[in-house]
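Listed below are the structures to be examined.
In the two assemblies presented below, chain A is common to both, partnered first by chain B and then by chain C.
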Partner chain A sequence: MSENKFVVAQDGDIEDGEAIKIDRAITGADDDIAVFFDNGEYFALNDTCSHATASLSEGWIENGEVECPMHSGRFCLASGEVLSMPASENMRTHRVVLENGDVILYPGVPAGVKA
Partner chain B sequence: MNVSSVLIAGGGMAGFQTASSLRELGYAGDITIVDASTAPPYDRPPLSKDYLLGSSTIEHLAFAKPEWYVEKNIALVLGSAITALDPDSGTVTLANGRDLCADVVVLALGGAARKLPLDTGTASNIHTLRTVEDANALHAAISVGTRLLIVGAGLIGAETASSAATLGATVTLVDPFEPPLVPVVGLDMARYLHAHHAGSGIRTIQGSLTQLIADDSGDYVAAVLESGERLDIDQILVGIGITPNTQLAVAAGLEVDNGVIVDSNHRTSHPRVFSTGDMARTRTADGELARRNEHWESARLSGTATARGILGLEPDHADSHWFWSDRAGIHLEVAGDMSAAAESVFRGSTQDDSFVLFRVNGSTLVAAASINDSMAVRAARRIIAAGTAVTAADLANPAVNLKKLTRGIAS
Partner chain C sequence: MAAKRLPSTGSVAETPKGALHRPTGIHHNFEVAGMVDSTSGLVDRAIFTDEGLYQQELRRVFAPSWLFLGHVDQLKKTGDFFTTFMGEDPIIVSKGKDGEIRAFLNSCRHRGARVCRADYGTTKNFTCTYHGWTYDLEGKLSNVPNVAGYDENFDTADWGLVEVAQIDNYKGLIFATWNPSAPELPDALGGAKYYMDAFLDKDPEGTVVVGGIMKWELDGNWKLAAEQFATDWYHVNMSHASALMVLSPTGKGPKSEIANTPGRQFHDEQGGHGAGFPTHPKSRFDAQKVHEHYDYGFLRERLGDATVEGPMTTGHGTIFPNFSYLPINGSIRIWHPKGPNKMEVWAWTILDKSMSPEVREAQRLYNLRTFGPSGIFESDDGENWSEVQSISNGFVTNSVALNLQMGIGSEREDGVYPGTTSELYSDAAGRNFYRKWAQLMDTPAWHEEPNE
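== the complex of A and B ==
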């Protein structure tokens, strides 16, 4: 598989409980990707909420979850699993790792899978 | 009581959430959801927004996919209304003659849209909006140039006005109050929201209808206002609130007072029967009857609380009241009671595309409403629930991170 990875930030750029949005034009993925930093860990999910058009990178990030800014559907950051109405579909995860201070995103590679 | 079967009457937000929470809490007995609708449980808020605009589908409104019910072992009995309840035996009777029986019955029947008292005829062009069928009928009745009169400028009336205007209708919105919605969003936000309609080409009139004029077919062609003004119309939507569906409860002898009375565990006056969502009204520990909520999040939380009550678990901690509303370019969120006595503190201004209005009492945040800044209200909701002390200066200062305030850190 061809190496498809991007340095999207430096460690420390994204504050705790914040996220950044990586445009699909950069990654070539089918959606923008939200990269979250929560409690010392990085996570990445497709950015567009599975319920209505809203950007999860603008959501409320806390305790390993993100709450959508529109209608407060909640998702698990690690697994993308939907945790609360009104959303009913899981979000796709992407692998993100920290290496030598670089936050590296592997678009299309599910979290937990080695690239 | 040892519960091994639960029958949930009504598969709206509250009934669905009761079922879902029962499983999450580990309940392994039978669960049956009965609903008069033929559509599997679905979400109502989009009915006045995306769905009415034609940009969503009934499949997308579904709370869960068909597989989910199989996986969770939840039975759906759809398409037949419940016509009677016998609390002692836990039996409900359906319109198709079938009887269903369970250890516990949950009444989650929501409310019915109030009818206009003037509407005594057989007109086919007068609508209410509560179900997907209502939304389909309204959508089909609106096209470019349709003269739509909306009676009642509450949340649903206002949202529908906005959606209908987007569809090209010529919308007139009539409400006796100027501005409407003060009890729900407070005076300052009510003024802002009401003024916004003009920008969408919606005409607002303060007043009420005194007469509806029908043509030979029985359809309404005009409405007369108390001012004497006559409005020629093609369609009418009536959005003057709901009445809780308490008929079954009344007939079954349960205690009812503008809602089925429940305790903090959502148990009604009969030990076998619980009630939840828009139709239930809580009697607090000190004996007072709380205001009945008619919002999505309160229905969801009340579903979870009902599941806990059925299983004999203590009620969860209470989150502060929260809801949203969407209309042309505006996403409104509200946490807490905006009409409670307090002072208004603005972050940003009503001239901006987004701003927040806080209601503060000393160092206590009582409520908050935002336009296009939902994270501010999410922060406010947590601050209100935790009782975190705030200052008006911090709240008003856009440089102060509200999320940090929830953790008691001002930066």
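== the complex of A and C ==
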């Protein structure tokens, strides 16, 4: 797994409160992955909201949470935990780190786990 | 409890008319078959806004149907009464000296004022405050001030309060109709009785009213509310997200398997009634004390496993046209029509007689907080109905059909829940509700002259 990593952006490419979407065709993961930049930290979650079909990379990002742009379900960026109905399933997290100005995504490696 | 009509009171048809007759066409009846397409699941939005259709509803939907009046517990002894409405007609329901429950039009036969202005109470008679005509508990005209001023043709026996054609109760719920040829109440309730029993028949001793009747006015056509309680579980996780979250132990809403529970939805093709319920055992909507009060083994034996695992979890129901209920928490309500754009909601809490006062109080407060006038669920629903109504009079808005297409073709007999059922998330009972509505709207009612 440790070999499966991607430089998805340079620090500064993603503005605060924004996110980018990494296509599953690039990572080989089973879903697109949203990489968020919120208050100086990077986070990554599966991109497709566990409730319906929305892209969380297009969601509202604030205070360590992302709110789905479609039905307003909310998730913790760090843990993927669901915080608000109508969503009821947690989101899968992925490890993302900043090294020497590179934003590095480890698809399939849960956040908080060393690659 | 079939109606006993005394010689002193009359049906609408028997009231003296003299030489009065209404000109042909004073009531214009629209043919509405083209406004409800129950096969395709489409409804014309004008059925919620048009004044002419509304007047026709009062004549052809409300006047011929069995309508909910109240609970037998509201009338304990002779002289007890309460007032309500059937459609927009004001009604007195009273307990006579013979112990019979009767329902009368609350309008003096002289100049038409109400003869009772109170919501409920105990009385000896009903005296009109305008000129003083007085009626006894059985509706008989018992006193006319200056009766000597009328000639010898005047007979008080002709001028009793106008009485409903039929009155009956189903397990404590009193219904009445102006329609002399309506099927008897149990037949009119039809297949819905099984689903109503999940809340009316848990206790061999029956049910009681706990607390008073909560009454509030709402912008919105009455059908929006009646339809939702018949058919709509679809709105729950979206509309009630915040309420479900506050009530959940985690603050984040029910677990996924409960939030996305399976379930069934029933509709009575003949009567237009509908009911839906989840079948997840933890999908419950009552105070913890109520849950602890029940002996589910006893209830399984009394009403069957399917009832306990289905309509007794939680859910919703509408008895056509405008009586709705929430089976598990005992919230019952009527959506009184007040013009096409307004309704008045009257809501009761009905609980088992053998519950302790403490358990009853817990559920009364639970209902007040959830489905009272400012209840956290009720206000979500009211907001939706008023929102829909507030824009419905826009010409273009009004011209665009509404969609009730979920679950088309899913209607079947499932071998577990009696009658025709569909999925929990379905518009089947809604399509049936509007089909029944259109059928009544296009059928001359009992009060219409043959050819009118």
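We take it that the second predicted complex is superposed on the first by the 113 of 115 C-alpha atoms of A that agree within 3 Å, B and C clash if a C-alpha of one lies under 4 Å from a C-alpha of the other, contacts with A are read in each partner's own complex, and residues count from 1 in each chain.
Convention: a residue touches a chain if its C-beta (ideal position, glycine included) is under 8 Å from a C-beta of that chain, and two chains touch if they have at least 3 such contacts.
Owing to the predicted nature of the structure, the values given are computational and were not obtained by experimental measurement.
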{"item": "Chain C versus chain B on the shared chain A, clash or fit after superposition", "value": "clash"}
{"item": "First, second, both or neither for A:D102, with chain B first and chain C second", "value": "neither"}
{"item": "Greater residue coverage of chain A in the superposed arrangement, chain B or chain C", "value": "B"}
{"item": "A:W60 touches, of chain B and chain C: first, second, both or neither?", "value": "first"}
{"item": "Contacts of A:A52 with chain B and chain C, given as first, second, both or neither", "value": "first"}
{"item": "Which of chain B and chain C A:P69 touches, first, second, both or neither", "value": "first"}
{"item": "On chain A, the residue positions that both chain B and chain C contact, one per complex", "value": "71-72, 85-86, 88"}
{"item": "Residues of chain B that touch chain A when the two form their complex", "value": "13, 16-17, 43, 45-46, 50, 62-65, 68, 296-297, 300, 322, 324, 331, 374-375, 378-379, 403"}
{"item": "Interfacial residue positions of chain C with respect to chain A in the complex", "value": "237-238, 241-242, 244-245, 252-256, 259-260"}
{"item": "Contacting residues of chain A [partner chain B, same complex]", "value": "17, 52, 58-60, 67, 69-72, 85-86, 88"}
{"item": "Chain A - residues contacting chain C, complex", "value": "71-72, 82-86, 88-89"}
